[in-house]
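Both complexes shown next keep subunit A, but they swap its partner, so subunit B is in the first and subunit C is in the second.
Moving on, here comes the complex of A and B:
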């Protein structure tokens, strides 16, 4: 069982390593297939681990395996330790399974790119980093994985490095994530200082003796990391920009896996959060705010991928609400189904983009259904799952979060209301996208590409490497939710219960109330979208101010620009004028000059004459002797 | 009849193995046919170093408690055994580096001398008596004097050998004089007996102590006793420089800590301060002088002076943690030092000229493996993560901090910061391709033959540099066991 975990972890690393070392000696296609194979081998390892866990009794489903101990001083010990338990196994299956499909999809999507080898090496490296994160058996390894996924995300967002926007987006993502990494590292420092260990179990045990201030600091630091990685307000502005990366990257990193790491972190470290309930409530609150804001902003975006990106933020907001209220199973369940349907949406959108030779503006699309009927079905399934229409997967998972909110007292009911509004918004923005892109008369652009323009794009729906993963995910988006049906059976919740005991258990009535309301509002949202965008029976209210605010994404970028960037530049300018140039610059050139002079002087003392060497030694010995004798 | 002392052959076996290798290699180079000498001598010497290393490992395992040897003139303990393992590794790598040196004459003698120097060092680190200390010191020094001057066709090599001989004799003289004064004050030669003699504030003893510190500082090339280092390192054959930079430093520092802690525990308040001051002077001089160097060997020589300073910080800590830090740090340091000189040797052979920052341009792209390894070695010398250099510096600083030497920590950090400047200059030089117009025809004609032995030495050094980061714990445990045999 632990062998499976190691294979799962190391196969993608081996893939990345092979592609890097082989370099030009293998063809670009071979690199693509090596990468795909490595991720599918990882999936095999994950499956083996999963089966191994299933065979064990419920209480024995956790195993630590240590490759070697890196440092041990006293009782502080860290090493390359993996933890295999139901939570880790679930994440391993999602990361390597969905990851494998997406890498396979990339084989078709990236075909012909001159730097394919680099792309696939990065992809394998990302999968390795993500697996390291979810399998980490202590907080140090978790932090390493956390940092490495940030690095992989940076490299892949900026993959098309000749595009200025891509490079800027990569930097933005890296800097905002680095902020989260820093708060997380600080939390770990507090944890070491207070409990003397980074072992998961030891830290959880030691945390019970910590003061509430220290606990709040630790939880806040972890939450900072989670919020940055999962693009929740206020550290969310990097995610829409990250859509500059290739579409499979958006599907893998910025929808299915990495951005949900924050949810995983909260579940993994739930004992710490439970000891700091106010911080856990804060997590749920941030999730609720994010799901509303992102849902609103998604209404007016015109870039197909950005709409889906805002939808991702909004769905992760639901997950934060779930895990913030202690409904860990529900949060993880939504993480699972979201991985299916959101990856599906991105990849179906990728098919459209691929077909249209890179066009992403929905205002130039329309009537795609006529040329890509199967993609249309896939996208429709993904959209319905996203809105939460039974019996598709999103219905079960979203409603279990909403039911948990309903069952969590006054604060929970506020969040429940937010979640319902979010469900309405989801219906509107999702089907706005669907109607605008797929229905209606084909736009000139679509017609132009319908026959193929000789560029290699635009023939049918795409090569099999792209359509097969989409088909598989379509099926998963339909059936993926059936592992947990409220009031009927709940194997998924039981499976995770040994890792994280949920704090709320909604009654079956609450479940059905939540379902009816959420589905009703979702359908209402779809209806509004239909009226406005498909039947065109209603005009949008002409409230330019609101529209403006939304189109500027609630002015978050402008706000950060005004709060952080401009003052920083202004202060930097002043410092440069009055401190840097005269003081630091002056002293630096003084120091370098001095150092060079000193170096030169030493060089001169180094005359090459033996007599001067002997003299120096004799003088030093004399000083030593005199001082020794005199001091005594 | 004189009572012959009981001889513990296992304890002496690493020295004897190397001595035997030296003898066989020397004989072969006298009586063997010309084509046979070089290969045979190199093989025997390599085998000698490997055997010595294995035997020392065995000795380490079998010596949990320190035992006196040969009428208490030597000690059998883990401290000496671990140092012997490092020395043997350094020697074996140096043989690999040396092989590509196409020497017209004295090829056999070269390897015999290398083995003899190694034997002397292994003997030296086990000394527990001022007489054996001096004997060991002279033993390996004499071999090194000749090795430095062995390239008789190069004036700089002769100059290096002669300078090293004269200044080295001066240093040995100071050490010997100091030993005589200590003997005069206490009437004892053995380290433990000197401490037991109970003389604490005798002027003769203190003057002797000062001279012993200076003499050992000379061998470790600590400032202000370092002035021979750049000249000798630059002039000596590069493979010899590689050996000296690692092995001499290991031997000198390991024995410095032993003699100071065993023989002079009462004078601790004096020598710790003296060592601390020498450490700071070495850090300052080594790092500042390196800033203006353009010759890479000379630059690395000054870097070696500054590293003597770093390691003396661990000596000044005078604590078990300090001993552990010193022995741990010597492992990656030896690898990085030999590895970097090996790469310089490779470049030198392909250029047929001394390596400077100017003719290193684009080396990383021309020879990706050697260039990348050199990057790793220099990053390790800086103390960057993922190399043992980081952990070594971390342990040295924490040892100093724990012993209350916070200003030594500050000095060490400042020294590290300065050192970035010149190490990065080398990295930059290797990265930057020269302008196409500046390309000159290759001096030696065509690309050099492959040298798999040198490459394997570089790879081994690379593996140790990186491996000592990831496998800190086993190495620290070894160093801890070794440091336990010293009385702190």
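Moving on, here comes the complex of A and C:
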């Protein structure tokens, strides 16, 4: 069983390494297939692990396996350790399964790109990193996986590195996530000194003896990492920009897997969060705020991928509500179904973008249904699943979260209300997108590509490597939710219960109330979208101020620019101008000046230097004396 | 064994100077001597028992009545610093052979002489021996920068000389006072001292060498004007002489003053970390970014040392090795960029990744390790350092963690300014990808970094024989 876990982890790494080392001695197509194969081998390993776990008794479904000691000093020791349990196995299956489909899709999508090899090396590397994250057997290795997925995300967002926007978006994603890494590291320092270990079980045990302040700090640090990685408010601004990357990247990293890592982290570390209930409530609250704000902003976006990106933020908000309230099974269930239908939406959108030779602006689209009927069906299925219409997958998982909220007392009911408003918004923005892009008369751009303009695009719906994964995900988006039906059967929840026992159990009545309200509001949202965007019977109420605020995404970018970036630049400038150049004398202008003088009379100038250095050293000593006196 | 490790490159230097070989041939000879030195170090590692303290000792009485002897040997941690030295210096000599400067014989001889002196610093177990090697290390550096440096070499050299001389003189005074009062100059035999002024004399020399804020005035000019391989050795290895000195002399011999001055030193180190990171973020060329980031990293390493607990000190040694390799590779790459484009200024670079996969991959990997991405050896070092300093106060760790974000900002800025976006005006079509000779220089450094990233424990479990403090005990 642990052998399967290692194969699962190492196959994609081997794929990435092979492609990198072989360089251009293998063809671009060969690189693509090596990468695809490596991820499907990983899926095989994940399946073997899953079957191995199933064969064991419920209480024995956990195994640790250590390759070697990664870091040690004195009694503090951290191994390169994997943990195989139902939670890890679930994530392994999602990551390698959906990942395999998306890499296969990339074989068609990236065909002809001159730097295909680099793309597929990065993709395999990402899958490896993500698997390391979900299989990590201690907190330090988890942080390693956490950081490496951020790196892979950086590399893939900035894949088209000659585009200024792509490079900027990649850096932004990495730096915001580095902030999350830093808060997690701080949480781990507290754990090291309070419990003496970063082993999961040891830390959970030791945490019970910790003070509530320390526990709150640990949980807050972990939440910081989770919020950054999962693009929840206030660390969310990198995700919409990340859409600069190739579309399969958005499907894999920024929808199905990496961005849901925050949800996984809260479930994995749930004993720590349960000891810090106020922080766990905070997680749920941030999720609720995010699901509303992202739903609102999605209403006014005009880039097809950005609409779906905001929808991703919003859906992860639901997951945060779920796991924040202790409904771990429900949160993970939504993570699973969301991986199916959101990857489907991105990949169907990718087919459209591919067909239209890279166009992403929905104002130039319309009537795509006439040229891409099967893609239209796939997108419709994804949209219905996203809105949560029965019997599609999103219905079961979203309603299970809402029912848990309804069952969680006063605070839960506030979140429940937010979730219902979110369901309405989801209906509107999802079907706005569907109606504008797929229905109506074909736009000039669509007509032009329908006839084919000799660019190699616009030939049917796409090659089989792209359509087959979309078809598989369409099926999964329909049936993926049937592993858990409220009040009837719940194998998925039972499967995860040995890892994380839920704190809330909604009654059957609460389940039905939540379902009826959520589906009703979802349908209402679709109706509004129909009236405004398809039948065009109603004009949008245009309140310029509101629209302006939404189009500027609530001014978060401007705010962060003003409170972080500009001050950093300003302080650096002040230090350079008033400390480094005059006092310490390492400046460029100082050097130029010095060199000019040196050209004339070297000897004389040097004695001049000597004086000024003696002065600089004296000044340095003086500064130090002042510091010493001030501190002591 | 230790003596052979010190004197092989010194003898090699003489050989290169004396044999009348043409430029390239003397370079090849020097490279072979450098590689032999690496092999000799590997033999020393095999002989070394990491469960024991000081080993591979050689001792010859020098001035009996003063208690001075030629006494050299290695601890686990100093053997790693010596390993860093011989590897980086061999790479530097190899690169110089490829670049083939004028008067190559003199140049290569000086590089070998420098190698032997630095190994001597890390092996010294007697204060006068330490002082002799410490000064011997500086002389070839003055000449290498002053003669073979860039346009403004005179300026950079004078500055470097004045700063280091000032530090060295204070240290010499401290050595004399310490040695005479102890009755011996031997680091093993001597006891501890509580004299603040003697401590500060040592501290001054090491603060200049590291450099620690605000003693870094020589840094940017020296790193910018040196030939790339000299800058690589200077930032990667020579700065670690300060680490050895601080740990082996300042911390080991002055326990009381260290306690007394711990907070001010941590303040200076922390300021250096933030200050260097922010200036690196606004610097305008590859070399300046690397220079200021070196300063920031040295601040971090000093924080680890002065956490005075095992986590922090072990992290500081690991980070010294990691930073040495990273910084050396970055300066060598800066040199390779300069030979192609004539500049390392960001404003004139850009778009080099297109069609140059090897250059792009190497720079990307080193840059990513430099910004301490989780899973890299520099991450392991920083994690231990910050975990150690956390015990002295959470604020130190919080500022240090913030500096990790700054490191991401300045390294990603460097990477994209050189490799990405549209092509810079200095980048011509003829600018080639890395040549095989250049790859032969940087790939071993890269391989060392990747190996250590897979298993940083190969160093941390071999630094110190006996666990000094117990992390889980400290919790109680």
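Annotations
Here is the rule we go by: the second predicted complex is superposed on the first by the 577 of 632 C-alpha atoms of A that agree within 3 Å, B and C clash if a C-alpha of one lies under 4 Å from a C-alpha of the other, contacts with A are read in each partner's own complex, and residues count from 1 in each chain.
Throughout what follows, contacts are C-beta pairs under 8 Å (C-beta built on N, C-alpha and C of every residue); 3 or more make two chains touch, one makes a residue touch a chain.
Nothing here was measured: the structure is a model prediction, and the numbers come from that model.
When the two complexes are overlaid on their common chain A, residue A:44 makes contact with neither subunit B nor subunit C. By the touch criterion stated above, A:520 is placed in contact with neither subunit B nor subunit C. Of the two partner chains placed around the shared chain by superposition, neither subunit B nor subunit C is touched by A:271. Contact with subunit C, but none with subunit B, is seen for A:118 once the two complexes are overlaid on the shared chain. Number of subunit A residues touched is higher for C, counting subunit B against subunit C. In the superposition on chain A, A:71 contacts both subunit B and subunit C. Counting contacts by the rule stated earlier, residues 68-72, 595, 598, 602, 606, 610, 613-614, 616-617, 619-620, 624, 627-628, 631-632 of subunit A appear in both its interface with subunit B and its interface with subunit C. Those residues of subunit C lying in contact with subunit A across their complex are 151-152, 154-155, 158-159, 162-163, 166, 214-217, 219-221, 224, 260-261, 263-264, 267-268, 275, 278-279, 281-282, 284, 310-311, 314-315, 351, 353-354, 357-358, 361, 368, 371, 373-375, 379-380, 383-384, 386-387, 390-391, 394, 397-398, 401-402, 404-406, 408-409, 412-413, 416, 419-422, 455-457, 460-461, 463, 467-475.
Across the interface of their complex, subunit C is touched by residues 20, 23-24, 68-76, 118, 140, 143-148, 150-151, 154, 158, 161-162, 164, 167, 170-171, 174-175, 178-179, 181-183, 185-186, 188-190, 192-197, 568-569, 571-573, 575-576, 579-580, 583-586, 588, 591, 594-595, 598, 602, 606, 609-610, 613-614, 616-617, 619-620, 623-624, 627-628, 631-632 of subunit A.
Residues 68-72, 79, 595-596, 598-600, 602-603, 605-606, 608, 610, 612-614, 616-621, 624-625, 627-629, 631-632 of subunit A are the ones touching subunit B in the complex. Within the complex, the subunit B residues that touch subunit A are 163, 166-167, 170-171, 174, 201, 203, 206-207, 209-211, 213-214, 218, 224-225, 227-228, 230-231, 270, 274, 285, 288-292, 418, 470-473.
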